[in-house]
Amino acid sequence: MSKRIVCFGEIMLRLSPPGCLRFEQAHSLDVVYGGGEANVAVSLSNYGLDACFVTRVPANPIGQGAINEMRRYGVDTRFMVRGGERLGVYFLEKGASQRPSKVVYDRKFSAISQVQKGDFDWQAIFELAHWFHFTGITPALGDTVAEVVIEACEAARAAGLTISCDLNYRKNLWSSENAGKVMAALMPYVDLCIANEEDAEKVFAIKATGSDIRSGVLSHEGYKSVARQLTDRFPFKAVAITLRGSISASDNNWSAMLYKNGNYHFSRTYPIHIVDRVGGGDSFAGGLIYAFLNGLGDEEALEFAVAASCLKHSIEGDKNHVTVDEVKALMAGDASGRVVR
Amino acid sequence: MSKRIVCFGEIMLRLSPPGCLRFEQAHSLDVVYGGGEANVAVSLSNYGLDACFVTRVPANPIGQGAINEMRRYGVDTRFMVRGGERLGVYFLEKGASQRPSKVVYDRKFSAISQVQKGDFDWQAIFELAHWFHFTGITPALGDTVAEVVIEACEAARAAGLTISCDLNYRKNLWSSENAGKVMAALMPYVDLCIANEEDAEKVFAIKATGSDIRSGVLSHEGYKSVARQLTDRFPFKAVAITLRGSISASDNNWSAMLYKNGNYHFSRTYPIHIVDRVGGGDSFAGGLIYAFLNGLGDEEALEFAVAASCLKHSIEGDKNHVTVDEVKALMAGDASGRVVR
Amino acid sequence: MSKRIVCFGEIMLRLSPPGCLRFEQAHSLDVVYGGGEANVAVSLSNYGLDACFVTRVPANPIGQGAINEMRRYGVDTRFMVRGGERLGVYFLEKGASQRPSKVVYDRKFSAISQVQKGDFDWQAIFELAHWFHFTGITPALGDTVAEVVIEACEAARAAGLTISCDLNYRKNLWSSENAGKVMAALMPYVDLCIANEEDAEKVFAIKATGSDIRSGVLSHEGYKSVARQLTDRFPFKAVAITLRGSISASDNNWSAMLYKNGNYHFSRTYPIHIVDRVGGGDSFAGGLIYAFLNGLGDEEALEFAVAASCLKHSIEGDKNHVTVDEVKALMAGDASGRVVR
Amino acid sequence: MSKRIVCFGEIMLRLSPPGCLRFEQAHSLDVVYGGGEANVAVSLSNYGLDACFVTRVPANPIGQGAINEMRRYGVDTRFMVRGGERLGVYFLEKGASQRPSKVVYDRKFSAISQVQKGDFDWQAIFELAHWFHFTGITPALGDTVAEVVIEACEAARAAGLTISCDLNYRKNLWSSENAGKVMAALMPYVDLCIANEEDAEKVFAIKATGSDIRSGVLSHEGYKSVARQLTDRFPFKAVAITLRGSISASDNNWSAMLYKNGNYHFSRTYPIHIVDRVGGGDSFAGGLIYAFLNGLGDEEALEFAVAASCLKHSIEGDKNHVTVDEVKALMAGDASGRVVR
Amino acid sequence: MSKRIVCFGEIMLRLSPPGCLRFEQAHSLDVVYGGGEANVAVSLSNYGLDACFVTRVPANPIGQGAINEMRRYGVDTRFMVRGGERLGVYFLEKGASQRPSKVVYDRKFSAISQVQKGDFDWQAIFELAHWFHFTGITPALGDTVAEVVIEACEAARAAGLTISCDLNYRKNLWSSENAGKVMAALMPYVDLCIANEEDAEKVFAIKATGSDIRSGVLSHEGYKSVARQLTDRFPFKAVAITLRGSISASDNNWSAMLYKNGNYHFSRTYPIHIVDRVGGGDSFAGGLIYAFLNGLGDEEALEFAVAASCLKHSIEGDKNHVTVDEVKALMAGDASGRVVR
Amino acid sequence: MSKRIVCFGEIMLRLSPPGCLRFEQAHSLDVVYGGGEANVAVSLSNYGLDACFVTRVPANPIGQGAINEMRRYGVDTRFMVRGGERLGVYFLEKGASQRPSKVVYDRKFSAISQVQKGDFDWQAIFELAHWFHFTGITPALGDTVAEVVIEACEAARAAGLTISCDLNYRKNLWSSENAGKVMAALMPYVDLCIANEEDAEKVFAIKATGSDIRSGVLSHEGYKSVARQLTDRFPFKAVAITLRGSISASDNNWSAMLYKNGNYHFSRTYPIHIVDRVGGGDSFAGGLIYAFLNGLGDEEALEFAVAASCLKHSIEGDKNHVTVDEVKALMAGDASGRVVR
């Protein structure tokens, strides 16, 4: 029987103009539902695992849409609670060439942002589960939500689960100061810490020396230093950092680093033509969790996660619709894009 | 030079599934911006008048979209204020046959709902204007908004404008009790009161005797009684009531009554195949204001407003995209729908 | 081998907003190519006949589009000449309920409107042909085009073809006076004259007494009188008149009359929910020509043409995409619209 | 805990031109997955029951699409088997007015049509279940499939389930002779027999006297006679017959009859503007099963099923996306289609 | 109060196949309205200036569409005159890789091409204005239009406006000989002359030595020589030349040169993935006019114009929908396309 | 009069998700009809030749769609036979970046796969023809189809036609062993053998030494060796091999080799941004056949074929919609993608 993972966080209605139209040119908006932890759950379900997503959505057709989308991809939605006033919305305008993608959030007052301790039956949720995943977005939704995350972490630890957290700093949701304080309280529960090139600095003021994000120059030494500082400060078993070399809104170089058991692993780098980069980091987390749960070695696990998230960039929407076989084909070196008949 | 009308209220982002798909079947949503008073402003601009719409929208691309849509149809947007957190959203699922249309509101915390006295320079806004129009939706958005409406009414009266109000009761926004109290305070400013078959009862507990809305049986005597009771209670110069005979979501009979100077006028009744009935009442208000501003007689004014709003039901979106000539052609009796080459 | 029919006239690029959007709401336009005689040619090809369409289109991709569309439906396009500056365009806004459909023509200076005598090799075109069809639109395109029509009629008569003409008066193209003069010169060549309820009056000042088009009241006696007057004046072997009872832009009653050999035949009347009424008359002409060429009796020929054109009203675009079997099924009385599996 | 129902049959990829385009006009095809029993399962899941759908789909993305669609609507897909060569396809062209809808089947050699006895673990499938539903389409798919249906019926009876069957005769799949023989062997297992106005005659040569389907004239007495003959011949506990009065492809009158415990119940008749009539009968079956499982009285159960299937006709696709509350609102008499805000 | 700019020229209906379909594959056409000077006006309005666009459009819905589009983006349309027969049309097929984009013009006999001296009240139009802009396309529309341009230039000079002209040679509209003669008469009014790499040669036979356009090799020295020759011949205060290095229809290198006060400035070069390159030159002109009107230094003005037009290439349609902040962010060096949240 | 070419093979309904959506994300599928030999026929018709396509399609609207599409592009469809059960279908998911395109075939039991000797009147088909073309896909459809291909080859040889064959190995249709045996029997009829970099090995076990397809490294020497081995074994007059350097699903390098009269010609290499690579090889074959039929020299013929197929990669669908002039413009060196006005 496949292993069970629980993800907790917000799922939003994503509305984006077709193609690469700007907001002011759009007369219809494409609909997808997504969010950091929801995206991870879908990745894991696509890999054949028993992924469960926990959140709160309003008892209206928009909330039902979020449930349906998760069900569609095989995610266990039994613990999605109905209530609250609205589903968070985010508007996404896809960039191209030198024009960056743009996100307009309209997520305040969402159903999940109003939850409180006791709203979820964590004991039931974690029954038979092996892993718990959340991101830094969830505690940022509000003070009571942060309390619920702690509650969940305690229950997960009590149930013997591995816990992963993607730092995922969002400046629209909270200040670095606030984030640092709240996240520091959560990190002791975390086994696997995932971050991108900015998170560690924004949340914990840990700097990646020798790396200028906007210039696209990424220093391996800098990332090593960040990983080391993170493990010095918190009892992580592993730290993974995604390395995005942004050439333009259309082209990125994508790779990652894993620091585990004192060893630094740097993955292969993929030059990517971007179709949709939202959810790239989530697909990395999903790949890594799958790999660790299935006993892949550290190096292989990292390559699996990077290949999986490389493929995500070629897929519309927030979620990574790929199978284990497809990821493995890319890992095996076939990046030529030849037609599979 | 064309006459100037000022409309004050909320404009929302309307999102609706294409065709008559249900919410859960939609993978894209059609975008329109609309709201009771905004729709009236567009009607009036389409008729060649100098229509000005006043509201508050967030300083983001979604708010800009609302401004652009109003500009597109020639409405003066100089007094649309930028600020606040979000633009109100409403989701519309169009019904068909026995399946009713469905609206899911997500309008809480909108930019306009947070305005306060002093936020608008009514003296400047009403300069050179002849008419001020608002609906019962606006004061329902919040206590401070209701205060702003009173402020506007006082300024409009001081500037010598005619004032019209469409009662437009919305049960999701406030209770009948609350509505009755607030609206009663506003009615003394109003010259022209517009209502549909339910409003008078819901807001002022004035009942249309002899009329069962759901059965589609409409009694003329009942409506006369409502109009009389309204004018007994408030100093209206005229009362107009739209009469919707709902046969199904696809077919309605549409007519209206005007009570003015002690006379009751009942319009012709149009059997309508519905394309989009949202904004039907607003288009009636727009027609009536145009007609009165252009000196049409009472009977003719009523027929203009009913013909105008009959045409609205054949048009997608909230707004009535018709010209004076098109309305007059229908008034003149040509409802045959022959091709105009 | 199937019989050969030649149709001569204009084919235009038709651009229409999706669904029943108004022009000002459209951000894309649906593309179809059509025109009175082109539509007849497609009908006939769909019935398995060897239909040939003759016109002139510009040597650019827009002209090529017109050729491709005709080829797609099996029409012989070998005699479509390339040249001239532009393809005529017409913009079509579909009406609904009380809102009429609207056509904006942009057909001036089109390639076909510039043709002159000698531009077409009528002898080659009419080789092996049995029938020649044109409409009153073609000579209206310009004086030299009218001369070409006469040239074609002479060649057709010389080759022993049956000639049909649909009067099809277009007030945007010429005045009644001019139309009357030019058409009168063409009528002596015509064997079968087709008209709608307005044409005879507009072109030849022959009035259908007892019939008010806009009121939808159609008098059989009036139509008989029109047919009789037409045959009194011109040597037609038969006159067919379509009878459109316009209830609204969405609903029409549709039938027709045939006057031949001194007998009046009135067809069954179909109550139609309209999908697209453009080309309704053309599909009637196509049905009638097919029926006469295949030896159907007068009554049956009329019913075939009316059933064929009834079906056209349920089909998007200018052209009638139905088979002989489908027409016959409707003629046989099955108008119930049951699913054909 | 909600009751469990098992449905067994084929699910196909349905491809239909947008709007009411004809096949030859379509440049894209809308995608839905559906089939008689799959549609019933979705209805039941929408009503909050634990619906399980059993079938076989190929192990490719098209088969996965079918699984995903069922999951999306909450149907238990654990017993959908992967294997075989292809998913059945059907092409649907929607009719309008006098033009009938048209179905082109391409379902031969489908994965489900190749199953054999032993391919499904019926004991596991029926665990905790209360009801088993199939239609006459399934045994028509092939001799070995018919054997599997018998196998399932035996297991269902052994497990004490109620069994329902919708006769659903399909002339493209088998002859009346063959159908009669195979279905006669299945009927002894069936508690609730559902049929439309043609099935009884086509399968069992039982005629509805006094009713001409194409004329739209439906005789109550004729249907009573059919129900009586069916119960005379087979040990049904109840017989339900849907009554479709086809006025055109756009308008139908819809009602039904229930014969149970010696009583005949005729439902209210709904005049329907059709959006999509495919799956109308399935939605009736779904409504009836729900009603019986939830203990509604016979009359109320019939009205629930008819109201549910009335609403289906206003919904795109094969499946009935309505809730119990929506059905009950219509049953309660509100067919006016007023906007639900 | 923001500065006022007047642009005079043609606005056309642009029709283009979706995505990169070829004309013959398109069944719908995307609608945009645009033209050299209209595009500049929209750029300037987007930057917050008071842009006014002057032209003549037909009094039909297609002409109204052009007005609405300009209004939508805040352009002052009060001086757009209604009249004439048709709006010019151009068909645009977008290229990709080695396949070039293709434009089919259908602009003859357009409303603006028929204007004559006296049709516009230039004195009223230029009231309170600071700048007048036109392109070489406008005088190419016809002899009388050229006269109107001279009339406008004289009025603009009299009113003390700065005048800019984009040479914009169109070989379909006139010969080099004719262009040279007419443009030479206009140049004495011009303060700022804008050109691309071909214009100077085509219009004034001034050659950019050392530059082979098709090879993509661009010589700085050649451009300097062109600018010098232009200023030698005409009394320009500044000359700006855009430098397009066409690698393929999908990839271009984009930069520009400014020659002013005897100094040559060459901008940064942007490697661009092209979304839509139509209007690229216009967006450069718009950027430059904004920059000069807002007092930016020459170097900064050039970089602003190049960054603005770089962004245009990533935007669908003719018009540059960017804000000053977005241009400045790119100028500041952030071309990495990171998501803006 | 233009030369006549006959192509024989399968035409399928191609269904692909819009843009680069994955199968599971698609709610509509774009429709194209195509197949190896059909694509060649369309290329040749676009070049002005008299191309005839021979196949068998079912007598239903899907089969008619295939006929219509071929007619649309001017292909002679008189010898397309109607019969059989179904049209083959293939589902195409377009890849991007590192994600490969994916084809799901559903072509079994297609009408063409059931043909037998005697089903086609080859003598009539080849009348006045100059060339016969088929691919390795056709004999792979079934044993009896292979016999029909032999029958066709014999008739073609008897009629003095040149015969070309594109090896086009499809592993889903047959094994290498079977392919080798059947194709070996057909090769003696073939004058021009076309292959891609894999075919020779898969069909005839002839290896291109020194070339690793997936690495994108292509060795000229290896291809020479393959061509030599092929001509050693079979009496080909010429061998052409396409060389695809797959960098990713979005970028390919494209060139080809021609071996004729003992000389090896290697073409220019085009770096391509891929829009749709399906049919790339077919467009090469079409270009080569055109070139040889029109007497181009070997080098020029090869460059024509490579330029033609380079352009195909920028065009949606299976078929190459380009003219001779467009190919020649690219051959002449203009790959810069400048707008053609």
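In this document, chain identifiers A, B, C, D, E and F correspond to the written order of the chains, with residue numbering beginning at 1 in each.
The criterion applied here is as follows: a contact is a pair of C-beta atoms (placed from the backbone, for glycine too) under 8 Å apart; a residue touches a chain by one contact, two chains touch by 3 or more.
Note that the coordinates shown come from a computational prediction; the quantities given were computed from them, not determined experimentally.
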Next item on the list: Give the chains in contact with both chain B and chain D, ordered by label.
Entry: A, C
Next item on the list: Compute the centre of every chain as the mean of its C-alpha atoms, then state which one is farthest from the centre of chain D.
Entry: E
Checklist line | Homomeric contact chain C-chain D: same or different residue positions, threshold half | finding: different
Check: Where are there more C-beta contacts: A-F or C-F?
Finding: A-F
Check: Where among B-E, A-B or B-D does the E-F interface show up again, with more than half of the contact pairs the same?
Finding: B-D
Next item on the list: Averaged over CA atoms, how far is the centre of chain A from the centre of chain D? Could you give it in whole Å?
Entry: 42
Item checked: chain D and chain F: spacing of chain centres that average the CA atoms, whole Å -> 45
Check: Using mean CA coordinates as chain centres, what's the chain B-chain F distance in Å?
Finding: 62
Checklist line | Residues of chain B whose C-beta touches two or more other chains | finding: 19, 22, 24, 27, 68, 102
Margin query: If I apply the definition of touch given earlier, which pairs of chains qualify?
Written below: A-B, A-D, A-E, A-F, B-C, B-D, B-E, C-D, C-E, C-F, D-F, E-F
Next item on the list: Spell out the residues on chain C that touch chain D in their complex, using ranges where they run on.
Entry: 19, 270, 272-275, 310-311, 313-317, 321-322, 326, 330, 333-341
Checklist line | chain C-touching residues of chain F, taken from the complex the two chains share | finding: 68-69, 71-74
Note to self: Could you list, by residue number, the parts of chain A that touch chain B in their complex?
What the structure shows: 15, 18, 22-24, 26-31, 60-62, 64-65, 68, 85-87, 89, 91, 93, 102, 104, 106, 108-109
Check: Considering the complex alone, what residue numbers of chain C touch chain B?
Finding: 19-22, 24-25, 95-103, 105, 170-172, 213-214, 216, 246-251, 277-278
